[in-house]
Amino acid sequence: MTGFIILSTFIGLIIVSFAAIIQKKIADSIILFMGVGLGSVVLFYLFKAPDVALTEAVISAGISSLIFLMALKHLGEQK
Amino acid sequence: MFEFLNQPEVIKNIVIIGSMLLFFIGLFGLLTRKHIIKIFISIAIMETAIFLLFIGLTVKLDFIAPILDTAHTNVSNMNDPIPHAMVLTAIVIAMSVLALGVSFAIEYFKLTGKTNIDEMNEMRH
Amino acid sequence: MITYLGYVFIFWGTIAFLISAVGLIRMPDIYTRMHVGTKSTTMGIILVILGAICIEPSWALKLILLAIFILLTNPLSSSVIARASHKDGATLELDELKKVEK
Amino acid sequence: MFELVTILLLLSMMITLYRFLKGPTLADRVVAFDVMNIMGVSLLILLALYFQRSLYLDIALVFGLIGFLGTTIFGRYIEKGI
Amino acid sequence: MNRRKISIKRELPTATLSGFVLSALLILTILNILLQNMPHKIETAGDLLLKLNTTEGVANAVTTVVVYFRGFDTLGEISVLFIASMGIGLMLRSNTKCNIKSESNFMLQTASKILFPVILLFGTYVMIYGHLSPGGGFQGGVIIASGVLLLLISDKAFEVPHSVIVALETFAGVSYVLIGLIGLLVLDTFLGNFLPHDISQMGMLLSGGIIPLIYIIVGIKVGSEMSMIVQNLIKRSDDV
């Protein structure tokens, strides 16, 4: 059962990251990148590394999205 | 159910192929996208892939997490704590480097008004 | 016996998640999607936590704390999104009142 | 029984992933991300039951407490607040 | 309708893409072959560290590795964080700090005042209990910075005073080095565990010796640096 969850999470992670790369709008790209963070937390959890999962959860939940969104606010979309 | 996926060789194959695909997706974005925020996102995806590969290569799924407990006092069936400590350090450093790069990009945009990486390249000539 | 009761709770919680997911696909605009998402996930996570308490009664402190955290923060985020999409100019797809005004 | 529950949860996560990938506006994606966050918390609780260790619940606690911050930041960005 | 002639080679860089995919497959195959032929059971450094860990009286082995065996690296890491925070402060410095644009809704203003002490308390729990459960100084510090972030995006006039940040960071940095030097005096190793730590009391709060103390210091330093980064990013005036 663990192997099945690992495989399906990897497939979802690859789909989401590829979609994050090929988006036109950058705000969509940022929210899809937060999905990558969620999937990697589940994977670290399944790999029996709870410390790393805690760190990744804390960083990808709040601070990371704020950094990207502040950059987007100052820089603006592509002209 | 799906017991054949729990063998160690199959797990190792899944981890290697999946995280290398993730790494190459990030490299593809790094090489082909033009806006600078997308390049930062690609770098972050590559970092995530490296961390997943680093943790996943040493995992043994029937072992437990390296934390002693009142019910778990046997050291011999615990996972390796060294990669966890390394990745723990690397995640925080990666985040601070990302913030520093973003602040450089903001200041560059304030000076020149450019976000495209090609136009940034033309400044050299 | 109480273990089976816990699994029944968790099963109904996942059914609530499934209904929420299908509703997210079927609903036409942002307000109805938000309605089906938040209502159903609040009930689903509470049922899952209740089932986990039934299966492992010694973990009850952490699980009740988790339930309190989720009940504190879940309405907050949904209200922020509702206000933001109203300010952004989202409209209802099936507005019955428009027919009445005509 | 555990397999049935986990497969149902993974199925609903995949259906939500469709809205997360497709959603026409940014707010749709944010709502789908919020729902996926809660589903992830319940998946972590189920896996803690499967591994039989209560230490793993700390990560679910962190997600329950500060997982809403991402949604709130995006909401404030959509209404052009920050 | 005059349709422009599109060269397929110009639209799709097929040669680049196929070369890319081929090299990816090659690297995957070589890595797979190399890793399948690894010996099945090798004595890693982690096993030795796990055996050493039982003599230290600390439950979380990752904590022992981060604080005790690699304590000097942790000092370097928080120095790197400090330099990054300083660089962001220099880059985004502006004389006119602007507040956030519009008032948030009433619910967010009320809930942030309720949630901030809860987040602060939970961050402190994660910090102090780092040697018994998953967690530690970095995670606790970032959780506290998330609480500050919640106040910053909800309240219009909130601002962390700069002098408080300076005082906290100075205190944390100096006391980390001082504890290391005391360990050097007492036990001849930098960051030696000079406080009493019983193996028989493993699982209690005070069984870690200096490790909870170090983690509190690291948490204060990381939390103040992250709060400063967040505040500099939010409160920058964007008059281009």
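By letter and in written order, the chains are A, B, C, D and E; residue numbering begins at 1 in each of them.
Note that a contact is a pair of C-beta atoms (placed from the backbone, for glycine too) under 8 Å apart; a residue touches a chain by one contact, two chains touch by 3 or more.
None of these values were measured; they are calculated from a predicted model.
Novice: If you walk touching chains, what's the least steps from subunit A to subunit D?
Specialist: The distance in steps between these two chains is 1.
Novice: Expressed in steps between touching chains, what is the minimal separation of subunit C and subunit D?
Specialist: Shortest path length, in steps: 1.
Novice: Using only alpha carbons, which chain's centroid is the nearest to the whole structure's centroid?
Specialist: Closest to the centre of all protein C-alpha atoms: chain A.
Novice: Could you let me know which interface, C-E or A-E, is made of more C-beta pairs in contact?
Specialist: Output for the comparison: A-E.
Novice: Taking CA centroids for every chain, report which one is farthest away from subunit B.
Specialist: It is C.
Novice: What's the distance between the Cα centroids of subunit A and subunit B, rounded to whole Å?
Specialist: Whole-Å distance between the two chain centres: 10.
Novice: Let me have the rounded angstrom distance from the C-alpha centre of subunit D over to the C-alpha centre of subunit E, please.
Specialist: Subunit D and subunit E have C-alpha centres separated by 22 Å.
Novice: Please compute the C-alpha centroid of subunit B, do the same for subunit D, then give the distance between them in whole Å.
Specialist: Taking the average C-alpha coordinate of subunit B and of subunit D, the gap between them is 20 Å.
Novice: Pull out every residue in subunit B that's touching 2 or more other chains.
Specialist: Within subunit B, the residues that touch at least two other chains are 1, 21, 28, 64-67, 69, 79, 84, 88, 92, 99, 102, 106, 109-110.
Novice: For subunit D, write out the residues touching at least two other chains, lowest number first.
Specialist: Each of 2-3, 13, 30, 55-56, 58-59, 61-62, 65-67, 69, 72-74, 76, 79-82 in subunit D touches at least two other chains.
Novice: Out of subunit E, which residues touch more than one other chain, so two or more?
Specialist: In subunit E, residues 60, 62, 104, 108, 118, 126, 133-136, 138-139, 142-143, 146, 149, 233-234, 236 touch at least two other chains, as defined above.
Novice: Got a list of which chains touch which?
Specialist: Per the contact definition above, the touching pairs are A-B, A-D, A-E, B-D, B-E, C-D, C-E, D-E.
Novice: Which residues of subunit C touch subunit E once you look at their complex with the stated criterion?
Specialist: It comes out as residues 69, 72-73, 75-76, 79-80, 83.
Novice: In their shared complex, at which residues does subunit B touch subunit D?
Specialist: 1, 64-65, 67, 69, 72
Novice: Where on subunit E does subunit C make contact in their complex?
Specialist: Contacts found on subunit E: 104-105, 107-108, 111, 114-115, 118.
Novice: Hey, which residues of subunit D end up touching subunit C in the complex?
Specialist: Of all residues in subunit D, those touching subunit C are 1-2, 4-5, 8-9, 11-13, 15-16, 18-19, 25, 27-28, 30-32, 34-35, 38-39, 41-42, 45-46, 48-49, 54, 57-58, 60-61, 64-65, 67-68, 71-72, 74-76, 78-81.
Novice: Mind listing the subunit B positions that touch subunit A in their complex?
Specialist: 1-2, 4-7, 10-11, 14-15, 18, 21-22, 25-26, 28-29, 33-38, 40-42, 44-45, 48, 51-52, 55-56, 59, 61, 63-67, 79, 83-84, 87-88, 91-92, 95, 98-99, 102, 105-106, 109-110, 115-116
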